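Pasting the structures here.
You will see chain A twice below: alongside chain B first, and alongside chain C after that.
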Partner chain A sequence: MKPLLKLFTTTAVATATTLSALASSYAASCTNDSWNKIQDRGKLVVGIKEDTKPWGFIDTDGNLVGMEADMAQEVADMLGVELELVGVQSSNRMQLLEQGYIDLMIATMSDRDDRRKIVGAVLPNYYTSGTNILAPKALGFKDWSELEGKTVCGKQGTFYNKIIEERYGATVVAFTGNAEAKQALRNKRCVAWVFDDSSIAADLASGEYEDFEMPLQTEDDNPWALAVPIGERDCIFGRFMAGMQYEWLRTGHLLELEKKWGIQESAFLVKQKDRFKDWLED
Partner chain B sequence: MSVLQKHGSLVSQKTDLPVLKAVKTRPMDDLGLSRWISRMPLWVIFAFSAVILLWPGLASAQTAYSLEKVWGILLKWMPLLVFKGFVLNIVISFFTMLIGTVAGVFLGLGQVSQVYPVRIMSWIIVQVFRNSPWLVLLFIVMLSFPFEISFGGTHFTVPGWFKAVIGLALPVMANIAEIVRGAIRSVPTGQWEAAESLAFSRSQIMWQIILPQCIKRMIPPWMNWYAIMTMATPLVSLLGVSELVTLSRQAMEAEGNNPSLLVPFYGFALVIFFAYCYPIARLTLLLEKRFTIKL
Partner chain C sequence: MLETIPEFFRKLAETYPKWNFIFFYDPVQWERVLGGLLVTVQLSIVCVIFSVVIGIIGAWAQGSPSAAIRWIVAGYIQFFRNTPPMIQLLFFYFALGQFTPTVTGADGWTEQPIISNVGWAIVSLSFFAGAFNVEIFRAGIEAVPDTTKEAAESLGMTRLQTYTQVVLPLALRVSLPSLNNNLVNLVKTTTQAIAIAVPELLYEMVSIWNDYNSAQNAAMTVLFFTYIGLVGVLIFGMHRWERALFIPGFGGTK
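Our next item is the complex of A and B:
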């Protein structure tokens, strides 16, 4: 009995030590640089997409608008600071956040394991999308396997380019912007444009792609994450953004924004609204 | 030339023997671009505009976009494209030229320096930046420069377009340095000797006698480089700077990315650049004609 007790005590002490060590290092490692910088200069700089309608695009005055621009505005309003929106691309959004050029990134980014090592993705995820293709109706694609050996247009910096190549043997030609890639599809440089299904659905709904369809089963459904600098994910800024997202999902505010920007109601947001429901609410 | 002509008349009889004819070399033209642009008659610009204006009509066989609709869209975006987009191109070109010229003059003087290390260093810098692809220089500067400078607690943001200015100024600097060196070399050596015999020091000769004579020679090629560099400013759209071409692309995306918009939008960019560079090219040639030294 005694040795067992001793072992138990030792373990308890060890655990306690580890925990306290964790706690102290946790507090000490929080410099809250970005958070303090935002307060100091009274301005929040958010990176959003500038060519991804309707999440982030420009209006005729050159301002960035869209669903994610609205979300950024709400964050700034909550902080009581000015908002500055910066246009980012899929290929540079993480670097810009890493370098501190932007304080916060809300840029249609899929939440991936490898990305979490670079930027501080904050949970809960605010949106989701899967991979699908936009292809001419005339080609009549039915299955992903039909893409084998074909050239497909993609976007630089998306995670599924490699998956499409490895899983289905397609050749992906990746462009920096959505506009160029879709133009290449129209010019028949590729048989399909592989991108987020939610974005393709928005394109189809715009009426500009009457001869095109989204024929395949959506794959790799992947939640989106907004991100703060990685050092601040578990500090004030990260916790604050977690709270913002929780409220957005709980109140169904993002569903309203979807409606405002003409996006189909997404099942994910309906589900999350139910999931985070206040149990005292009737 | 006159000697050759004399010879020519002497040996003008027919012969079967191979004759080495006088080698005709055209001097390197450092005003190629300006010459090419300014030779275009003015109606070209109107023809361009007409094609772009009518393009949606010509190409409308497969699209539902009418001429009025496309023009409505372009007109709606025009203020943004011109006053935010093209103005930024001009701002970039001004600052690039300013920095490139100041740095280029010193580099050019360094190339004719009597101090060997200065001369060789200037030569190396000029060769490196003249012969590097502009886009590579742009990428290096854009990605390696800090975007924010903290100075005594205040943060200064270095905007993307200013980094682009530095990236573009490097090749411009090297080419201006070559213009300066060439202009100094083109002043007859008699000027140096005469000045020396009047007991001027080297720096006095350079600044008071040689350089004033160079300025007139430098202005046409300098303006030619300005036109070349202005037309190269859309390069920075690849780096996400919101200039004319970037905004055109984003505007097309915001309008649903219909292919009928492509030619009008990019054509508009073409016309506006042409309209800006054409007078510069004409003026360049005019000045060149005026400043040509008759020997």
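Our next item is the complex of A and C:
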């Protein structure tokens, strides 16, 4: 009896597998695991930065807030599920998504070729930034080449640490977080802090860096991408996020969020609003 | 032979993109790994030596007739044993680091502190492990019978002589097994120096897998085996020492 039962189960399983394989062949092996998980548990887990003011940071009450937190909230609202925010760092954000600890990552990530092999970056890109430095006015930097042989503070996990070292011969001392890197600059341990120009602009606008400036020509302007698990980029989740981003850009909603968080209006968003303009709108 | 190893790992990375042991075929990354390993080894050796010295001196001071010295040692132990080493590192480097003398750099703005981040890592980790070592040696000292100390005293030996020539050599033998544990922990704790950007092995490995995302699994695997190796060397040395010091009745086996 037992072997017979076993044979029966095996056949049933095999048949079921074949059938489901046939059924899903129209959408090249989309299992929609994360998408289904979000619906089942009624909760969306989003990874945002915890030290990158004003995109994702911890406020004085200890809550994760910022422009990207607002975006995450809108995604959850659209899905009709609860939102859970998880603080991530540049050096672990892709791994957390890859391992399934977060469903979605909106974490100031530059959209790079090698990163697309690991996470499912969804187009259209919602933001952009380039590389610049925060340096004391006293040093009067004018050109990137002046960084040669100097110690520059940076953060683990940004793609331009290597570029700065290779292209300009600077030594990058990379800290695990922005707070530490900026503290090291204030303690005068390095001549500059290398980071995203938009983030530096936000720091300068905060009034906490009166003796500092962003003196160089921004380099390597690089769009940002939010990401879903790589297997779901071309499935429901990826397509859904593409739609979210399209609406954000078309309506100029991100420009409103920029205003809310005190970020200088970015030319990129103005351009995108025009690019995706509804042709029937007056 | 030397050519086949890089070739093997290059092929492996092509076949399995998630297992990119880039440092085994890219000379630049290999240099970074070696540099990190060197810093880790140096940091470990210096901290092990300092922490043992701190332990020996602290345990002696604990038995001091002066109440003030005993209070200072007790305070030191409470402070360093009861706070996380990561916070100590951050506190020393960022908070205390502002008040130490500095040398103004050639550009007239930067201030290079006399104690670098590596220096603070040594100070902080040595004192952290040293606090445990004081207690470890105290346990050993208390295992030395009072009669032995009294015998030394009756021979006219001073307190210091009794400590260095009678009590400590016996106490050391009793303390060695727990000292082993603590020193193993110390070697592993050196990875936390990444918080103040000390370019040790973990720092370099994290930098590599940030620059080459495909190298993450490989870097973690190599980290594991490197620390198993480093700690293995330490344990081997300590066991040899333990056996060399063996005398019946004071712990350990021949």
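Throughout what follows, the second predicted complex is superposed on the first by the 255 of 282 C-alpha atoms of A that agree within 3 Å, B and C clash if a C-alpha of one lies under 4 Å from a C-alpha of the other, contacts with A are read in each partner's own complex, and residues count from 1 in each chain.
FYI, contacts are C-beta pairs under 8 Å (C-beta built on N, C-alpha and C of every residue); 3 or more make two chains touch, one makes a residue touch a chain.
Here the structure is a predicted model, which is why all the values come from computation and not from measurement.
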>> Given the alignment on chain A, is it a clash or a fit between chain B and chain C?
In response: clash
>> If we overlay the two complexes on their shared chain A, which of chain B and chain C does A:50 touch? Say first, second, both or neither.
In response: first
> Should A:206 be classified as contacting the first partner (chain B), the second (chain C), both, or neither?
Replying inline: first
> After lining up the shared chain so the two structures overlap, which partner does A:94 touch, if you call chain B first and chain C second: first, second, both or neither?
Replying inline: second
>> Output check: A:61 vs chain B and chain C. Expected answer is one of first, second, both, neither. What do you get?
In response: first
> Is A:183 contacted by the first partner chain B, the second partner chain C, both or neither?
Replying inline: both
>> In the overlaid three-chain picture, which partner chain does A:244 touch, first (chain B) or second (chain C), both, or neither?
In response: neither
> Which holds for A:38: it touches chain B only (first), chain C only (second), both, or neither?
Replying inline: neither
> So which positions on chain A get touched by both chain B and chain C?
Replying inline: 176, 180, 183
> For chain A, which residues count as touching chain B in their complex?
Replying inline: 37, 40-41, 50-53, 57-62, 87-89, 92, 99-101, 176-180, 182-183, 186, 203, 206-208
> Of all residues in chain A, which touch chain C in the complex?
Replying inline: 90-91, 94-95, 114-115, 117-118, 136, 138-139, 150-151, 156-159, 161-162, 173-176, 180, 183-184, 187-191
> For chain C, which residues are in contact with chain A within the complex?
Replying inline: 17, 90, 94, 97-98, 102, 107-113, 117, 194-197, 203, 206-207, 210-214, 216
> Once bound in the complex, which stretches of chain B touch chain A?
Replying inline: 76-77, 79-80, 84, 147-148, 155, 238, 240, 242, 247, 249-254, 256-259, 262
